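There are two complexes below, and they share chain A, which is joined by chain B in the first and by chain C in the second.
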Partner chain A sequence: MMQNNKNNFNITFYLLIVPVLIWLIFMIVIPHVEMFISSFQVENDEGDMVFSFGNYIEFFSQKIYWLTFVKTAAYSIGVTLLAFIIAFPIAFYLTKVTSKKNAGFLMLLLLIPLWVGELVTVYGWIVLLGDHGVINHFLITIGIINEPLNMLYTNFSMVVGLLYMSMLFMVIPVMSTLQSLDDSLIEAACDLGASKWDIFIKIIIPYSMPGITSGAIIVFMLVIGDYLAPNLLGGKNSLWFTEQIYNNFLQTFNWNEGAAFGFLLLMLSSGIIWVALKLSGQKLEKVGA
Partner chain B sequence: MSKILEIKNLSKHFDDFTAVNNVNFSVEEGGFFSILGSSGCGKTTLLRIIAGFQQESEGDVIIRGQSMKGIPPEKRPVNIVFQNLALFPMMNVRENIAFGLKRQKLKTADINFKINEMLERVGLNGYENKKVTDLSGGQRQRVAIARSLVMNPSILLLDEPLGALDRKLREHMKVELKLLQKEIGTTFVYITHDQSEALVMSDQVAVMHDGQFEQIDTPRNLYKNPKTSFVAGFVGDTNRFELQSRFGDSIKCDSIITKGGWKLKRPDASVTPEILYMRPEAFILNPDNMMNDIEQFEVTIKTILFDGSNTKLSTMVNGSNEELLISLPQNAQFDGIVEGHKLNVGIHRNDIKCF
Partner chain C sequence: MIRSLPSSPLYRAGYRIYVFLFFMFLLMPLIAISILAFNDSNFISLPWNGFTLDWFFSATDERQGIFADEELIASIVTSLSTGFFVAVISTLVGTLAALLFEEETFRLKGLLYFLALAPLVIPGVILGISILLTATSAGNHIEESFALDVELFRPSYWLVVLGQFSFAATYVMLLVSARLKKFDRTLEEAALSLKATRLEAIWYVTIPFLRPAIIGAFVVAFILSFSNINTTIFLIGSDPTLPIDLYSRIRFSSTPVLNAVSFLIVLTISGLAMINVFANRSNK
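And now, the complex of A and B:
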């Protein structure tokens, strides 16, 4: 009987683990190994693949590449900060200020844009921000401006699009930590003479740090690896590093350089997250939990 | 002694009910004042009004002769120890205690001096760099008290701080809190639903019921001379008997009969009692026939409820339907008592409380 139970357990265990392993090996590990190898290969004059650092050297020797690289990193950090600034008050309002019933309804409103997909929301922003778009039309009609504001195809419109698609992923983890924040902690701080600002800086922010960190990681990853918003909303000057990768793979068909760029992006985002975790004193295990 | 806290005609109304109903009391400087009541009696609301977290509907809170109207919690000379302690989990012991001092913008040296002094006082030296989540229940308790006391408040408010501790530790902390209060001399206002906590620690206890104070008295008086029926039934263990009204009505009649048919001599001819209370430990087993003013009767023992020093006999009063709990001293004299025995019992008429 015992033996039988044990066998059952084993079968269940394997049934559950196999899809995960298949997913990991075929979708993550093998393509990455393949990419890693091909990133160190260039075509020689005979058309054969030989080992070389050429793809990486190309990246560092061409100013446009690493400028885009740095810009992508800086903008991703910026968008993450903006997402935090916008999302934190929303999360605080939903968990601590409004009633449970209202919070559910408002949460639904936040989720709806996610249902229609990024492409549709990006086109939504094009409709809103264009020279003859809703906002310009409205501003001209009420007479605030005479000439349409140039908002679309700028860094501004790109940041708006990136923020819009990623903000919710900051709201949710922050909400879940704030939910566990006991109101009596805030009252205790108040009782000990803390001003509203003190309470915010010394109690609420440190308490919700795990949620903020995991939200920041998700938002940062989504933004740095996004292609649609920079491509459709950003202008000629708003080159995003994913666009360079895209160009290599699908326009110049230089898969080896594309692979090298892909790895550079992976190292960049991992590096920034590592530094951010060190700076904020958070542990990845704790943030993930 | 001067009055440090005065509560005048304080009421708090919520939409459909009144949590605190016209409460008046004052606390002496350096006293230990407890508010005792079951959950939902309004005691937490009262405490939160004193701390400033809730606004009174009517009346006034006066601390050291100064009205607290419109003064926010962070500006009041009171500190509160919360029911769940509300220690800041992301800070260590030292940072928790330093939190209030840092808000006062004191010098680091002063802060360190005060913290060390306070740690010493609550017996937590060497724990200052521990995370509060790593402490035991009793230690967390002490951190919470230290965090409030280090602010040197005029009054320390405590909201059932021992509620979450296990029984043994609670007994221990009761004594410790009382000693700590004596030593530092800060006025404590303590709210609890646990009468033992209130009786052991306090100089004065207020029994609160349905938003009102039933009685404010010393623990001893509260126990010995309850002023209302609620206090008599609420404080301490007691036997409660309802009386048959037709006998209570007549002034001339010199005996009273309970609903269960137990006939007793009327204790006081001037009142018409409806309910009697008798404490289990007030009964005298096998009383001397020569004793005066004693109500004597015979009971049959149903069961012995052994609980160490708190052992009780569950008995029936012979010739009636009334059950009676009687304390059984754990000494050799009554070792022979077993279930089914008949026993002569007496109670002094002063110990029968009538309402």
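And now, the complex of A and C:
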């Protein structure tokens, strides 16, 4: 009986683990190993693939490549910071200020742009921000300006697009930590004469740090890996590193250089995420939750 | 500051205005395209020239509405069927993964769990190119050794399905795990002590408990697939999905039919959201 039961458990275990292993090995591990290997290959004069650091040397010797890389990283950090500043008061409002019923309705509004998808919302911003777009048309009609403002195809429109698609991912994790913050802590601080600013800096922010870290990691990852907003909303000067990868794969067909760029992007994003996790003392498992 | 504490009217008003502006920022693009979908004009933006349904039904050369545009209809069908297959496979594997990581202990569990979460922090571009590189070199290898041309290993419909599955399964796993954490393990133990096999216990006790989460995860996987572009763009074969088709139209030939398609997407999504809210209400 005991033996039978044990076999039984084993069968279930294999039924569970085999599909999961197939998923992780064939769709996650092997592709990344393959990308890593291809990034060290270049085609020699005979048309054979040989080992070389050429793709990486190309990256460091061409200013446009590493400059775009640095710029993408700096902008992504900046957008993440902005997303935090904009989204935190909203998360606080939804959990602590407004009534539960209102919060439910507003949450729904918050989720709609996410489910609608990035392409539709980026297109919406093109319609709004264009030289003949809705905002310019409106401003000219009411007489504030005479000439259309140049908003679309600039760094400004790109940042708007990046913020729009990512800030929601700051709101949700922060809300879930704030929900467990006991109101009486804030009441006690207030009774003891703490100012709003003190309460905010010394109680609310430290308490919601796990949520802020999760949010920041997801926002950062989405922004640095984004393609649509820089490509469709950004101008000539707002080249994004993902665009270099797309160009390598879909235009110049230099896949090996593209693989090297992909690997560099992966190192950059996981490096910054690793630093963020270390600084805040969190684990990746918590980000998922 | 919070519900139970008094605060100055100025502070409260300021806060409300901020929240209002935030939601205006959030909804403005969606409202603008939804209204302009009915604009009787050949340009995607203002001025308003009157109401028309041309961008849905018209079939003239100058104005081709959604329902007259065969390419567009074909890409919508492709997206729907891709979404369905991605949702089926990811729901299956993601649910198995949730059961595996919540209920079993085994060697290297930590490493496997880390890999299963990795798609959350890997940019979609990188998943796309790495799967493309792997599929292509596998395809070349098979062609050289066996003189077989396998479609799956070239950019194609099924490669898109696999690529989207690779990250959608992670989201399914997280959603199902969240519900599994609330599961009373003694129910499963009771079934086992009543001589159910482990498999029967999971099938007749655990899975019914998980059903709402599994259905929710299926919908999420479908929507992830339906709106994905970062990974899909590298794996696409001869038949584009809706986002790929829209993307090339935005870049090369914007007409108000884009407004009309966007309006239909917004309408469908809002409808689904409403159904979701009412379903939750009637559950309580």
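Just so it is clear, the second predicted complex is superposed on the first by the 267 of 289 C-alpha atoms of A that agree within 3 Å, B and C clash if a C-alpha of one lies under 4 Å from a C-alpha of the other, contacts with A are read in each partner's own complex, and residues count from 1 in each chain.
Criterion: a contact is a pair of C-beta atoms (placed from the backbone, for glycine too) under 8 Å apart; a residue touches a chain by one contact, two chains touch by 3 or more.
Just so it is clear, the structure is predicted and the values come from calculations on it, not from any experiment.
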Please indicate which partner A:Ile112 is in contact with in the superposed arrangement: first for chain B, second for chain C, both, or neither. second
Please work out whether A:Gly258 is in contact with chain B alone, chain C alone, both, or neither, and reply first, second, both or neither. second
Please work out whether A:Leu149 is in contact with chain B alone, chain C alone, both, or neither, and reply first, second, both or neither. neither
In the superposed model, which partner reaches more residues of chain A, chain B or chain C? C
Going by the contact rule set out at the top, does A:Leu232 touch chain B (first), chain C (second), both, or neither? second
Could you tell me if A:Ile77 is touching chain B, chain C, both of them or neither one (first, second, both, neither)? neither
Between chain B (first) and chain C (second), which, if any, makes contact with A:Met209: first, second, both or neither? first
Per the contact definition in the header, classify A:Glu187: touching chain B only (first), chain C only (second), both, or neither. both
Between chain B (first) and chain C (second), which does A:Ser195 come into contact with in this model arrangement: first, second, both, or neither? first
Residues on chain A touched by both chain B and chain C 187, 190
Which residues of chain A touch chain C in the complex? 8-9, 11-13, 15-17, 19-21, 23-24, 27-32, 34-35, 38, 86, 89-90, 93, 96-97, 99, 104, 106, 108-113, 115-128, 130, 132-134, 137-138, 164, 183, 186-187, 190, 196, 199, 217-218, 221, 224-228, 232, 242, 245-246, 249-250, 255, 258-259, 262, 265-266, 269-270, 273, 284-285, 287-289
Where on chain C does chain A make contact in their complex? 1-5, 11, 15, 18-19, 22-23, 25-30, 32-33, 36, 43-47, 92-93, 96-97, 99-100, 104, 106, 112-127, 129-134, 137, 162, 165-166, 169-170, 174, 178, 197-199, 202, 223, 226-227, 229-230, 233-234, 243, 246-247, 250-251, 254, 258-259, 262, 265-266, 269-270, 272-273, 277
For the complex, which residues does chain B have touching chain A? 51, 53, 72-75, 78-80, 82-84, 86, 88-91, 99-100, 103-104, 147-148, 151
Contact residues on chain A for chain B in the complex? 182, 184-185, 187-195, 198, 202-203, 206-207, 209
